[in-house]
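Below, subunit A partners subunit B and then partners subunit C, in two separate complexes.
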Partner chain A sequence: MLKINSLTKKYFTRTVLDNLNLTLNEGKIYGLLGPNASGKTTLLKIIAGVTQPTSGSFSVIGKKAGVDTKKIVSFLPTINHLPRWMTVGNCLSYFQDFYADFDPKLAKERITAMGLEPKQKVSSLSTGMLGRLKIVMAMSRHAKLYLLDEPFNGLDPISREKVLEIILESSQEDSTIVIATHIIAEIESIIDEVIFLKEGQVILMGNVDDLRQTRQKSVEELYREVYDNV
Partner chain B sequence: MSFDPRIPIYLQIMEQIKKDIVSGKLKGGDKMPSVRALAKELQVNVNTVQRVYQELERDNILFSQRGIGSFVTENKETIEQIKEEMAHELLENFVHGMRELGFDDKSTLLALQQYMGREAQGNVKD
Partner chain C sequence: MFNLIKYEWLRRWKFFLAGILIFIIANLEIISQLSLQKSPRNLTIVLMGLVFAMALALFFDHIGRLYRSLFSDEGFLEFTLPLRGYQFLGAKILAVLLECIALGIFVSIALYVDYLYLNQFFPREAPTPLREDILIIIVQIFFLLLLSYIIFLLTIYLSMTLSKTIFASLKHGKLIAFGCFLVIYKAIQRITEITHSHITDMSLPGIIMARPDWLTLTAILIVLFISTSYLLDRKINL
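Our next item is the complex of A and B:
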C-alpha cells in the first residue's frame, strides 16, 4: 500500500535518507526502529507531506505523493501540533474542518475514555494528557496510513497503555500503522513487522515472530545486535 | 497474559490455548472468542491471533465454521495427543536439565520421587 522508490533527502551536505526503498502492506502494524539521526522522523515527515524529498518518490494505495496522499495519511508528530490556546473541544472541530475522514463521534468517545474533558485547554494539559489527546486526534481519522512518531515519549506507564490500546483497536484490515519509537519493549507484542533504519537505509526488515524464531531474540535484543556492530 | 519477548508471541498464545484445552478449561465444541476480541483481551495484534487460529486449525485443534467462528475440536484423540506432546516436552526439559547438572537416570528418578514425597507432605516451597 505504501511504495517508496529511491527516496533521498539531503540537508545541505548531510544525507539523511539515502536512496531508500520500502514497501509496506495493508492491515499491518510496523515498528520503525533506529538510533537518533537514522532518518526515522525525516522518512515519516516526507510520507506525511510535511517535508519534500531531495529525490525519489512514493505512493500510497497507488496515489502519487501530494494532496491526494495527505488526505489518507494521518501523522502524529513528536512536537505538539495542537494550538495551545485551544480547548480539547476546539481541537475536535479544528480537525473536523481540516480532515474529511475525521470521525468526531469516535474522537469524543475516546476523549472521555482517556479521562480528558472538552473544556480543558491544551496549554493546561500535562505531558501525559497531551500525549493521550494527540493519539486520539491522529487515530480518529479513518485514514489508510497512520504514521506515529514517538507516540510514547515522555508518557507515564498508564498513558502509554492507553495509547497502545487506541493503536490496537484502530488497526484495520485496510489500513497500515507505522510506529517510530525508541521504547521497544512497549511495542514488542503489538507490531507485525519491524524495520531497522541505519544511516538513511533499511538494513533489516521482517515479521517479528519469524525473527524471534530464527534468531531466538526479542526485538530489543535484535536492536542491540543490529546497532552494536557499528 | 505476559509474554516472553524472545519467543514468538503466536507460539506462546498457542501453548496457552492448548493448555486450557488439556486442562479442561476449554472444552470440546466450545466456541473461541473472535480474533479481534482475543487480540484486545491479550493486548496483541489482530494478525498474531489470526496466525494462532490458523495454526491451531491446521493442527486440527480448532475448526472454523464459516461465518460463525472457531471451535475447539471434539476429537478426544486429538486432545489426548496434545496432552502427551505437552507432557513429553516438560519431561524432555526436565531430564535434559538434570543430566546437565550431572544426575544419572537412577539419581534423577530418586530425586523426583523424593521431591514428590516432600510435596505431598506440603514441604515444598514454590
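Our next item is the complex of A and C:
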C-alpha cells in the first residue's frame, strides 16, 4: 500500500526525518507513535503532499507522489483546515466537488449521527463538534490511505468515542489507516500494527498482539519503556 | 479548476453584492445632483469614498487569496486537493481576471446609462459622444492595465510562493522573498523599458502600444505563471 524509501526531511540544520524506510500493508490500522518532535506530523504532511521531502521518495499503491496520490489519500490534520466561512453543507459540497471518492450519502448520514446540522457555520462550532466534522469529511471518502494526525486532540470523551466509531466503520480490507497520536490508551484497542518514531527514525515496529505477547507489556507500557529517556 | 473559482466567489458574494449596490446608489446620487445642477452632497462624497475603499479592499483581497492558501490553516485543505499547480494558480488568476472584466463592463454600462439619461433630459449637460478611435484607445488602456495588474499580482504570488517553497526552511524566508519581489519587479520594469525603447517607432497613431509590447508583457506573464505553478506543484512546504 504505502512504500517509503530513504525519506529525509531537513529544516535548515535540523533533521526531522532521517533516512526513513517503511512499508505499510492494506487492510490494517497503524498507530504512529512518538513524543513531540519525533517526526510524526512531518511524515504525514509529506505523504499528504503539503510538504516536500529533502530527499527520498514514497508511493501509494505504486503511484508516485503528486496529484495521483492526492486522489487516494485522505488527510486529517491536527489544525482546523476547513474554511471558517463555510457551513457544514458547504463542506459537504466542497468535498463532493473535488474528490471523486467522496460519498455524500454516507457523509450526510454521519453528519446527522454526529449531531451536526448542514446550516451550521464552521466558525460557530465548538472544538468537539469541529473534530467530529473533520473526521466525517476525511472518513467519508473511499480512500486507499487515511492519515489521521492527532484525531482526538482537544475532544471530550463523547466526541472521542464517536470519532473512534467512525474510524472503525471506515476500516476496509483494501484501505489502510494511519493514526498519529501520543494518546495511546484511546487507540490501543483498535490498532493492528504500531510504529514507534524517535528523532525521525523508526525504532520499533510490529504487530500489536505479537509485541504484547513477546514483551509481556501493553502498548502504553512499551511506549513508556521506549521513550523513557526522551 | 472551475470548482475553485466557484468557492472563491461563494466566499465573497456578499462583498460583491454590497459593492454593486453602493456603486449604483452613489451613481444615482451623482446623477441626481448633476441634473439639479447642484454641487455634490456629503452623502455623495461618502458613497464615492466607500466605492474607493471597496476597490482597495478588493485589491488586498486579490493579494490575500494566495496568501491565505500559503500561510493559513486552509492551505492544508487546498494543497491536498487533487489539482496541479497550474490548475490551482490558474483558478485564482482566472477569478481575478473575470472579476476585473466584470467590474469594467459594469462600470461602462453604468456610465453609458448615465450618458443616455443626461442626453435625454439634459442635453446641454451631457458629454459629447465618444469617437470610435478614442473608444479603441480606452479599450486598449483597459486591457493594458489589466495585463499589468495580473503581472503585478503574479510577481507578488511568486514571491509569496518562494517564501513557502525554496526559502521555507530559512529563518528569514519571508524577508528574503520580499527582496526577491523587489528584484523581480525591477527586472520586469527594465525588460519592458528596453523592449519599448526598441519599438516606439513601430507604434501607429491611435494604437497605444505596438504588438511587440503586448508580446513582451504576455511573455512575462507566462514566465511568472509557469514558475509559480511549478513551485506550488513540486516544492510546497506548509
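The rule is short, and it goes like this: the second predicted complex is superposed on the first by the 228 of 230 C-alpha atoms of A that agree within 3 Å, B and C clash if a C-alpha of one lies under 4 Å from a C-alpha of the other, contacts with A are read in each partner's own complex, and residues count from 1 in each chain.
Following the convention adopted for this analysis, contacts are C-beta pairs under 8 Å (C-beta built on N, C-alpha and C of every residue); 3 or more make two chains touch, one makes a residue touch a chain.
Note that the structure is a prediction, hence the values are computed from the model and not measured.
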Worksheet item: Now for A:15: first (subunit B), second (subunit C), both, or neither, which partner does it touch?
Response: neither
Practice prompt. Please work out whether A:59 is in contact with subunit B alone, subunit C alone, both, or neither, and reply first, second, both or neither.
Written response: neither
Worksheet entry | Touching partner for A:5 - first (subunit B), second (subunit C), both, neither | neither
Item to complete: For A:81, select first, second, both or neither according to whether it touches subunit B, subunit C, the two together, or no partner.
Response: second
Discussion item. Applying the document's definition of touch, where does A:201 land relative to subunit B and subunit C: first, second, both, or neither?
Written reply: neither
Worksheet entry | subunit B versus subunit C as contact partner of A:50, first or second or both or neither | second
Worksheet item: So, does A:94 touch the first partner subunit B, the second partner subunit C, both, or neither?
Response: second
Discussion item. Under the stated contact criterion, what part of subunit A meets subunit C in this complex?
Written reply: 10-12, 45, 48-52, 66-68, 70-71, 73, 75, 77, 79-83, 85, 90, 94, 97-99
Worksheet, complete the sentence: Seen from subunit B, its contact residues with subunit A in the complex are 3-11, 39-40, 43-48, 51
Fill in: Residues of subunit A touching subunit B in the complex
27-29, 164-165, 168-169, 171, 185, 188-192, 208-210, 212-213, 216-221
Worksheet item: What residues on subunit C touch subunit A, complex-wise?
Response: 3, 6-7, 10-11, 73-77, 79-84, 169-171, 233-238
